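The data blocks that follow each hold one structure.
Two complexes come next, and they have one chain in common, subunit A, joined by subunit B in the first and subunit C in the second.
Showing the complex of A and B:
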């Protein structure tokens, strides 16, 4: 994929199984044609701010939605969230936290840092598919970007 | 001798004086106290016998050797008494001190020494005072203080240990709720993917086996959720209030019972005395007990559930009786353990931890739980709570 193609979804997920399930859920619901999957917080920031292997990418072409896990190698999910919300070039991009953590403190910190939604990944596959479907429909189809 | 009136004769006054002196000596002996006086004009010191006794010296000891007297004090006490006496003598400042004295017999004792100056025509003419042996009292006080300090240290240590244990538990719970979920999600998701992607290649038996896999993951997920809810019943967050038990029981019955239950179950709730506890937790007690009673009466022609309270051992026993299938002894013994069906035998169909939650909450309220049941004869599940006064809120006891 050309790195300058505007993507619909940036998926930041280190667990390959969870990533596969999420991608499948998105595809099953025909929600996206272009999706980028990165595996840690550093790679996510590199992509968003056109650094490292993404040098030269057009920063203004922000993804329409970021699905962000909280527990990530290298740079933690909350740090990614902070960096994205602090930069005017990416601040408007909707971010959905997709995580296993049911901890109230994680949820509160995510919302106060500017996360748009907080979804706890269900174990049940059908529920998982449904959750991803709802996120996709809402943020990509229903929600009007400013 | 006739009691004298008016001014006593010389003979009488001598007798009286001797008597008064003797009584004073006795009183000083009993109180372990002594009096002393320093006369400024003559620079002479006078001690009563009590002072000699406290110093442990013979009566031929000469108290006029001031330096010698000060030497009896312990090294850290000596400069204090020396200075206090000088200030009383020169400035008229009174003193009241607790000091340590090395008696002539070698024993070190705590004494209280008090001194004050007397002025005549503005000039200090004498300094007098008392010295009291307070050794026993002081030693008890010091002992109490040291025991208190030890106790405080112990409390701090225990608190720290408890906090550490709580933190460990949090880490454990976090691992349970967080880290175990990812592999479970993978098993559930990937077995479904096999079922979907290889639908054509799988026969009925293959599909059945995959269903068993995903059903068990669903079961594992709900068991995990229940274990977590049990572990998260946090005693630290309880809010204690008076609880109208009858109103709560009725409300929780209607919240727990399905429409079909409500239509088929004959419920009777007697007058229930108030209780004292955390209402959120207590609602769970009723909810779980009703849930159990409702499922055990399923399939009966006439389903009855009754609730009553009986006073027992300075407390109250709340009983939920049903006419369900009852429990075998093995099952009854394990009724209040999590997932009783795992160890309670094939007839023990309790696949949740509702009653384990009940037990934990009742124990937080310093109570007990139990079950009486014969197989096929219905059952009586009960929880006992101590009387209101047992929680240190005695004023409420009249409401019972």
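Showing the complex of A and C:
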């Protein structure tokens, strides 16, 4: 895929199984138009700010939605969240935290840093599909970008 | 140590007494020295007086004898007598008259007689040297009636009535027989006697010599006195009435020195000496004041010495006292140092213990923090890492089930269902484990909690979830509690959901809730009429993952009571239960009462 292709969803997920299940869930909900999947926080920031292997990408063409896991190798999810919300070029992009942590502290930190939504990935795949469906519909179809 | 201090204190106490005693001793010594000194001075003065008196008496006696000897020149003097007789028979015999006058004038020249008077046996003045008109009635009378005038004798001090002067005379009989005729050798004491009496051997202000004689009951003064120039033959004192008068001692024959009061009534030191072969007594005296005045220097010196000694004593005592004080202070300082040392050692020990304690606390706190952090990390890890494979298992089983349904057949689908069911159980266990961990770690936010309201809210929540609206909920009055309301709500939810769960199959759907105060605790009670439990296994009831019922009998992980126990214990209370199989169960928990 050309790096300047406009994407709808940026999925940041290190666990390949979880990533596959998320992609399947998105596919099941017909939300698979343009998805880019990166495996850690550094790669996510590289993509967003056109660095590293994504050098030359048009920064202003932000994804319409980022699905962000919190526990990531190298740069963790909260730091990615912070960096994205601190830069005016990316600050308006909706970010949905997609994590397994039920810790209240994680949730509070995420919301206070600017996360737009916080979803605990259920173990039950059926429930997970339902959650992803809700997210997709809300942030991609209903939510009007400013 | 204590003995020494006590003895110093006693010494310190004894100081003023000792000081006073020594001061008194110094003063007494000074006074007695002065006393002795003055006594000595008085004695010395007395001896001086005595010496002067004796000397004067001897002089006077000699003078007296000398005058008598003068008289004796004419006594039994045949030439003088013959010539006198011649003149008597022939008063115009100029030769005889001239011869007698020669004799008389020789004596007048030789000694300072006032006058030499020659009387006729019938008392008529015949001749007089120096010549002049002279009247001495006393002598005339004596010449006319010369009673007992058989030898030369004195006419003692007498006042001549015609010229009011004092004289004394030597009377010399000239002839033998009853009317011998008289030669009177008259002396004026102002010239011949008094000057020598008023003379004093050294320059002094008060001493004087008195010449007295006894006249019946009186003592009469014969010479003019230093302090009474007209005393001679005028001043007299009754001896008996003036025992302290030195002159009065003349009658007693006392020749010693003595002290008394003189004619002026002034204290004096005096001495008395009789003048041999005369009626006179010599009294010498000096004012006591003068004697004592001579001692003034000594007195001042003694006073100065006494003061100096007292001063030295004071200084000495002060120094001694300071010395003792310093010693006591030194001892006290030593004691204080010893105590301070002990204290320091104690406080050192205390500090050590404190430091150790602090260190231990710090260490334990650090350990606790570490273990808390570890626990948190563990919980986080459990939440994330254990759940991820579970999610994969379920997700892929689900995909398998859906996308390969025709291949699997009924048995394959049943097995996949078991896998997914077990997966769910595993997820639930992890959730409960995390909850227990969270309940143990979360910070308590204490406030006054209306337990009745909380119980009601929890019941509604449970009743809806368990579809048990037909349960009778007997909610009595519940005391308020100081607690974390979120955790308390969880307690009520867990207890009530348990009660509902285990009562579902029983005929009586009734849950009773009450509360009461017991000592410092408030006890809350939840009673149901459900399955109950065997009291023997009550200890296992609150254990982690312990279940007294088989899992196929009742749903649940058995974690609920364990969580309740932890929450209650974190509030400082206890949780316990009573039950009987098939007769229902009663759960109790207590919370400390706080106003």
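In this section, the second predicted complex is superposed on the first by the 146 of 146 C-alpha atoms of A that agree within 3 Å, B and C clash if a C-alpha of one lies under 4 Å from a C-alpha of the other, contacts with A are read in each partner's own complex, and residues count from 1 in each chain.
Here, a contact is a pair of C-beta atoms (placed from the backbone, for glycine too) under 8 Å apart; a residue touches a chain by one contact, two chains touch by 3 or more.
No experiment lies behind these values; they were computed from the predicted model shown.
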*Assess the superposed three-chain arrangement around subunit A: do subunit B and subunit C clash, or do they fit?*
clash
*asked:* Between subunit B and subunit C, whom does A:21 touch in the aligned arrangement: first, second, both, or neither?
replied: both
*asked:* In the overlaid three-chain picture, which partner chain does A:125 touch, first (subunit B) or second (subunit C), both, or neither?
replied: both
*asked:* A:141 in the overlay: touching subunit B, subunit C, both, or neither? Say first, second, both or neither.
replied: neither
*asked:* Quick check on the superposed pair: does A:101 touch subunit B, subunit C, both, or neither? Answer first, second, both or neither.
replied: both
*In the superposed arrangement, what residues of subunit A touch both subunit B and subunit C?*
15, 17-18, 21, 24, 71, 100-103, 121-126, 128
*Along subunit A, where are the residues that touch subunit B in the complex?*
15, 17-18, 20-21, 24, 71, 100-103, 121-126, 128
*asked:* Touching residues of subunit B toward subunit A in the complex: what are they?
replied: 174, 177-179, 181-182, 184-186, 188-190, 192-193, 214, 217-218, 221
*Which of the residues in subunit A come into contact with subunit C in the complex?*
15, 17-18, 21, 24, 71, 99-103, 121-126, 128
*asked:* Under the stated contact criterion, what part of subunit C meets subunit A in this complex?
replied: 379-380, 383-384, 387-392, 394-399, 423-424, 427, 431, 434
